[in-house]
Amino acid sequence: MTLTPLKIHSIIEGLLYLTGEEGLLVEQINKVLPECTAQEIINHVEQMKKDYQENEASGLMIADQPNGYRLTTKPFMADYAEKFAVIPKTAPLSQAALETIAIIAYKQPVSRIDIEEIRGVKSERALQTLVVKGLIKEVGRAEGSGRAILYGVTPIFLDYFGLHDLSELPPLAEMVKHQNEQLDAYDLFYDHYKETIKNL
Amino acid sequence: MEYKVKIDAFEGPLDLLLHLIKKFEIDIYDIPVAEITNQYLDFIHQMQKLELNIASEYLLMAATLIAMKSRMLLPKPELPSVDVDEPYEDPEMAREALMRQLLDYRQFKEAAEVLKENENERMQLFAKLPSDLTPYENNDLTTIPLAGRATVHDMLRAFRRLMLKKKLEEPLNTKIDRQVLPIGQQMNLVMEKLKVAEHPLSFQSIFDYPDRSHLIVTFLALLELMKMNAVSCRQSENFDDILINLGEGADDFDATENPFDY
Amino acid sequence: MTLTPLKIHSIIEGLLYLTGEEGLLVEQINKVLPECTAQEIINHVEQMKKDYQENEASGLMIADQPNGYRLTTKPFMADYAEKFAVIPKTAPLSQAALETIAIIAYKQPVSRIDIEEIRGVKSERALQTLVVKGLIKEVGRAEGSGRAILYGVTPIFLDYFGLHDLSELPPLAEMVKHQNEQLDAYDLFYDHYKETIKNL
């Protein structure tokens, strides 16, 4: 028996409900619905996302998370949800932490010194906060005498910012990627860099 | 010029410079060093109270800007300096380096803005706790005994898990074949397997046939053999496979005499 | 501003979702929607019940419970929930759960209040998740008037984190050297987390 799209939607909705804040991986849906390909499942979920969004009678939506999805209440529900007082409040990241994690996300693996050079200020506290929150992690050590700690982002980073994977980060200009190369190379890239910057 | 902004409104000297560049509509690709230095120093002077640990970074930038500005006022030497003690530093290079630094920083600052929006959106979304799926699991992982002899109850659980696993792996023959396989015959088969192997067999290996009715019959046969003490089962560790061994009553087991051959 | 019936439905749906298996009293809905009478709320929910029942694309339904309602999966979902339940659990623990279990592992026996003092946020939900997963359990009651529940980790915790016994947890004293107690404890869990992610 083949499942109708409506039936597939209902099954995915049911699973999303059961898993709640834990969320559901595309792969897990696939195990329950082996008759669909991963791409078909993604297409179904994308359609469901639209349906929720357009359905004014629904207070629910589907949010992205690493390799999967999670059923959540719509943003307008936040006020009503808070009246229940069961929602743990988390403080948003400081500006310093946001700048630091942006640098790590784009340039990882990256050392504290690299980050401080870009930001022009000490970034130790911001790094510490990010490590404690599990958003970044030591991913290795730099070559050389100092053996500086190199940082990278974690899956929690993706989850925190609602991304499926790092490719969903908005692209940065070309130059930044080559920033560490020789100064000669810099001249080569400069014109292109200037253009890309303007287009941002 | 009256600044009502506090120093801690800025993330550092680069952030402050970007602010000044925006405020005075300065072309970031062609920074007038003299002007930006003056604006920067002005701002620093306006600060009633600079916390020393924060201030050092701002003061270092001030010194860099002043050095750059003063070098620009000096005539460029005709030949590059060979004096090791006082190498000539091209102020143009320094200016370009500053510009590069500012552009770099600005990009990440913008990226941080995007992340902040994401964070803010994310914080508006709430989800329920995951449901307790144990009723669907058909086995309660928290109550499986840690070690020792497995009970019939454990076997039932293991069996259910096995059925579910097999169900996932391949579609089972859902049509019920009525007694194609007598229990007695299957009891003999299990005993034979154990005698031939001469060592305990795993629970999984007994159920090698992916058919529901076959599984059920084999399982019933095994339960009957346990009751007769012809086999014993043990589980060495939590979640381990159950091992089936010949029991004390194995010798008394008579293959020809089986009450289940109906 | 008066709320449209659609809006009211969406709010009730959101609240039903957030309270999950616990369910929602008509009285609680009334507190969030003071502009409706209790009877109006009941009428709305009855309409929503019908909508769910008729909506083939939905795997959810509203069930009655004393003085209220509960959002649950439709009966046909049981088969799929079973299929889902036997998939080896790879979903990592939430950040809140990881923090909470780290505290319990190092400081057990420990009460909810102790945990909340260390984390600085309500930790009831995290505790609930951990109990459901069998990673922690009640190990006693505190002395004194409150007789607060004390929590400790279970053998499943050791298994889950690949430890032979608690002595394999990195000693706290060593961590203090690394700036902050929480850091390494976190890393320990994170490594496991990463592995699970990799094995997906």
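Note that the chains take the letters A, B and C in the order they are written out, and that residue 1 is the start of every chain.
Assume a contact is a pair of C-beta atoms (placed from the backbone, for glycine too) under 8 Å apart; a residue touches a chain by one contact, two chains touch by 3 or more.
Computed from a predicted model, the values in this text were never measured in an experiment.
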| item | value |
| --- | --- |
| Between the pairs B-C and A-B, the one where more C-beta pairs touch | A-B |
| Chain with minimal offset from the mean of all protein Cα atoms | B |
| Chain whose mean Cα position lies farthest from chain A | C |
| Rounded Å distance, chain A centre to chain C centre (Cα mean) | 22 |
| Where chain B and chain C are represented by their mean Cα positions, the distance between them in whole Å | 18 |
| Between chain A and chain B, centroid-to-centroid distance (C-alpha), Å | 12 |
| Sites on chain B at which at least two other chains make contact | 126-131, 133, 168 |
| For chain A, residues that touch 2 or more chains besides their own | 17-23, 31, 71, 73-74, 77, 81, 90 |
| Chain C-facing residues of chain A, complex | 4, 6-7, 9-15, 17-23, 25, 27-28, 31-32, 48, 51, 56-60, 66-67, 71, 73-74, 77, 80-81, 83-84, 86, 88-90, 128, 131-134, 137-138, 154-156 |
| Residues on chain C engaged by chain B in the complex (per definition of touch) | 17-21, 78, 81-86, 125, 128-129, 132, 134, 154-156, 159 |
| For the chain B and chain C complex, residues of the former touching the latter | 126-134, 136-138, 141-142, 146, 161, 164-165, 167-168, 238-239 |
| Complex interface listing, chain B residues touching chain A | 11-15, 29, 57, 61, 100-101, 103-105, 107-112, 114-116, 118-131, 133, 168 |
| Touching residues on chain A, where the partner in the complex is chain B | 17-23, 31, 61, 63, 70-75, 77-78, 81, 87, 90, 92-93, 95-96, 98-99, 101-103, 105-106, 117-122, 160-163, 169-170, 172-173, 175-176, 179, 186, 193-194, 197, 200 |
